[in-house]
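Here chain A shows up in two complexes: once beside chain B, once beside chain C.
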Partner chain A sequence: MSQSGNTADVNQATAPEEHSLKDDLKDLQFSEVYDLNQRTIEDTYADGPLIQDVAPLSLLRSEYEANDNHVFVKEIDWLINNGYHDFRRVKGDGDCFYRAIGFAFFTRLIQNPDKDLAVVTTLSTLMATANLLEETGIEKLVYEDFYTEMEALIRWVVVPREGKSILTIDGLLEYFRDPEGSNVVVVYLRLVTASYIKAHVEDFENFLFHPETRELMSVPDYCNRVMGLGKEADHVEIMALCDAFRWNVEVAYLGGHSKDAINFVKIPDAPYPGFDPVFLLYRPGHYDILLK
Partner chain B sequence: MDARLRRVNKEIADCKNDRTSNIRIELVDNSPFHLKGSFPGPEETPYEGGNFDVDIVIPPSYPFQPVKMKFITKVYHPNVSSASGAICLDILKDAWSPVLTLKSTMISLQSLLCSPEPNDPQDAEVAKHYMTSKTSFEDTARYWTEIYAGGPGSRAAKVASPGARDEVAIAGLDPQHVTRFENLGFPRNKVIDALRRLNYRGGNVSKITEDRVVEELLKP
Partner chain C sequence: MASIAARRLGKELKEIHSEGCPVGINLVKADDFETWWFTIEVMGESEYKGEVYTLQFRFDGQYPISSPAVQFVITDGRQAPIHPHVYSNGHICASILGNEWSPVLSVTAVCVTLQSMLASCKKKERPADNDRYVRHAPDNPKKTQFHYDDDTV
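What follows is the complex of A and B.
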């Protein structure tokens, strides 16, 4: 990658004003690295399905190695050495967090050793989320179709559906690759996230920042944004969604946030019983599914 | 199973059953995906007394993507194209979310008529008129409501054919200004066009020289 080479040339050519310019360049370089990472992610997904097949993490490592991105390579090495060998790419369309966590959760449900109990538990949590939507003023007309489909999808883990045998990971993948299917899950998770924030205003109101302007937003403005498709999720949304569904998520944040090893964040701090956590891989502006 | 059809049918029924909102929805060509909505102009606005029809198209990916709406009835408003009826409203674009419905979107259109956003215009000429003289803008908007939306008023009742409509009032201009430049030998419709483009209204009149107007009039 010619990134560092270019910067050195510019520095030499403008030696007299070196000091202040160097600071500017540092910023520029950071945002360039960020943009470059975004472009790499977008290029890899341009024509791909919404969720891709399982790929070894070593593939991602080689992509960053080819780009001379040592920070990411070191962090990926840490993941591989700690047993996270694979990942699934998720399309970077602004819904990657919701699509990734939805898919990863259903995978956990399918893999659960006591599927019947897990499904019953999940159905009762789902019912509670519908009450939450109702209480926060979402019209039934609006959420009932999404709810019904979520319910049918959860049941499908243990009983055949419309002539199709019990849901497998391959069946789940097919379902999620159809936008009509996975967008139902994305929308339902978005509605629940927004309603959970509305119902727990005191916990969240000081942390509702606009992702681009970084300005504090009002609860209704923030929640309207959460409910729209294609709007990237932030940490507040992850916490709200996990609390509403009693999900455990562990997110590996790549990008040099941590001096040693990697920044691996557990949400919530104390895990909910009954379900293994799902793992997500975060690179600036994007989520993928991480697999152990 | 067609999720879109199920949702739209419920929404149409919801509008029919709601007697408080005054939003009406009817099918066009028997298709639930092409509709005509209408609502009364909001009270205490220049649109009061008019009835506004809206063309509604439900896209294949509804409700994930926004419904398409544009005014059928001509509306004089900074956020509505006076030529095409296209609407500039955030929820019809990137602020759409699947919790919005035909009814709530139509109510938002009604609110848009109450509170124009001239800084984010759909029709730049109308927005300039609004910024230059709100009184003159409201007179014009009221006249449009009379002649296009069946609003109250004596003038519209007397109008026998569209040709007899007051083109000067439609353009939101002062008849004296139009006559003045007509007297210089320019055709009336050209004068109206030029003065409208120049926003020759209110405090702007003193800022625009006669030469500037003549220059505009001489443009091919």
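What follows is the complex of A and C.
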């Protein structure tokens, strides 16, 4: 299930300021916006591929316009006017965050003007993540197949693989559309996310809320949840994963929280050098890839 | 390139052969990467003292990303243990085989978890809905949407 986020999720991620009575009134309206949004997401994702072709954001705009959802229409207009013209839909199967960020990151790697250096840097970061897994008690038997495949995928950006020429965006799309391919990436990213949380307990322990009940969870329980497929990601997972991989991500949060401009959340606060950020489009309970 | 399931199962099998199974667990057969059988016995004092059961694992090409289909074997005189989470057709209601499965688990880890599920049992009885479930149960327990209302399993 991917569409199970709630208003509290979004508030927590986007509006750190005090919650006032006025906001509560706004939330009432927001829950209606939310319901409409869920229906739109469900209607448009049913049988599509895991990652869809690039589509203009104006298409998304027209879907919300047809549903009379003016909050989203206004926000999408802002994105279009600020240079974000396209997006890729990612299947809402509970793994959308990991699949979206994985695909977006590999896209950046392929597009990097100094690919050789970027690949070497990424391989050494990958190696560090394997150490992290090891240190947090994940057995080699468990992670090594996923690690080996991640390594091969990264190398493929600069060297041919098994008779196939070096990885292009189209090749990447084909790889990610095959569940056997992109689930390997999803699983590895999930393992690293869980291990990073375990290794930085003091940073995260007060924020490990169950996505449905909103109850505080223990670190092992939370991390077990992160490691299973189909379990949605929250702000905690995004921060942990980006820190572990030294990725820069900017998330555009839609859903009626910003008056004028879209609230982009940059993770981390100070970007890591060497890589352009990837952009994600968040609508309550769901992530897609946003493109400039 | 061998499938991820074959690579992983190959390693698990190698580890079982070189290091042996945990106490009370024995490999019966693992001739391919589709179906494995183990015997499972609860060590020490328990409701199941001296009883030996057979567990069947079935794997698809997405193991360990997807969970194995695990059940007790009930053919050739074998029986499923009488337990509040084990149906008489051998199907098991355990969250780690369903929504709490993660690729961190392994075949022996599942065996050990089921062994401790039996060990902690206070009263031998079938699930309340046993007859109804068994009448309509699919062949593959993974096709059942169990409700895990008891976290003590």
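Observations on the model:
One rule holds for everything that comes next: the second predicted complex is superposed on the first by the 257 of 292 C-alpha atoms of A that agree within 3 Å, B and C clash if a C-alpha of one lies under 4 Å from a C-alpha of the other, contacts with A are read in each partner's own complex, and residues count from 1 in each chain.
Following the convention adopted for this analysis, contacts are C-beta pairs under 8 Å (C-beta built on N, C-alpha and C of every residue); 3 or more make two chains touch, one makes a residue touch a chain.
Just so we're clear, the structure is a prediction, and the values are computed from it rather than from any experiment.
In this overlay on chain A, chain B clashes with chain C. Contacts of A:Gln111 after superposition: neither chain B nor chain C is touched.
Once the two complexes are laid over each other on the shared chain, residue contacts for A:Asn131 go to neither chain B nor chain C. By the touch criterion defined above, A:Leu229 reaches both chain B and chain C. In the superposition on chain A, A:Asp145 makes contact with both chain B and chain C. In the superposition on chain A, A:Leu191 makes contact with both chain B and chain C. Contacts of A:Glu180 after superposition: both chain B and chain C are touched. Common to the chain B and chain C contact sets on chain A are residues 138-139, 141-142, 145-146, 149, 179-180, 183-184, 187, 191, 224-225, 227-229. Remark: chain C residues 1, 3-4, 7-8, 11-12, 15, 61-62, 64-66, 99-104, 106 touch chain A in the complex. Considering their complex, residues 138-139, 141-142, 145-146, 149, 162, 179-180, 183-184, 187, 191, 224-225, 227-229 of chain A touch chain C.
Of all residues in chain B, those touching chain A in their complex are 3, 6-7, 10-11, 14, 61, 63-65, 94-99, 101.
Listed in rising order, the residues of chain A touching chain B in the complex are 138-139, 141-143, 145-146, 149, 179-180, 183-184, 187, 190-191, 224-225, 227-229.
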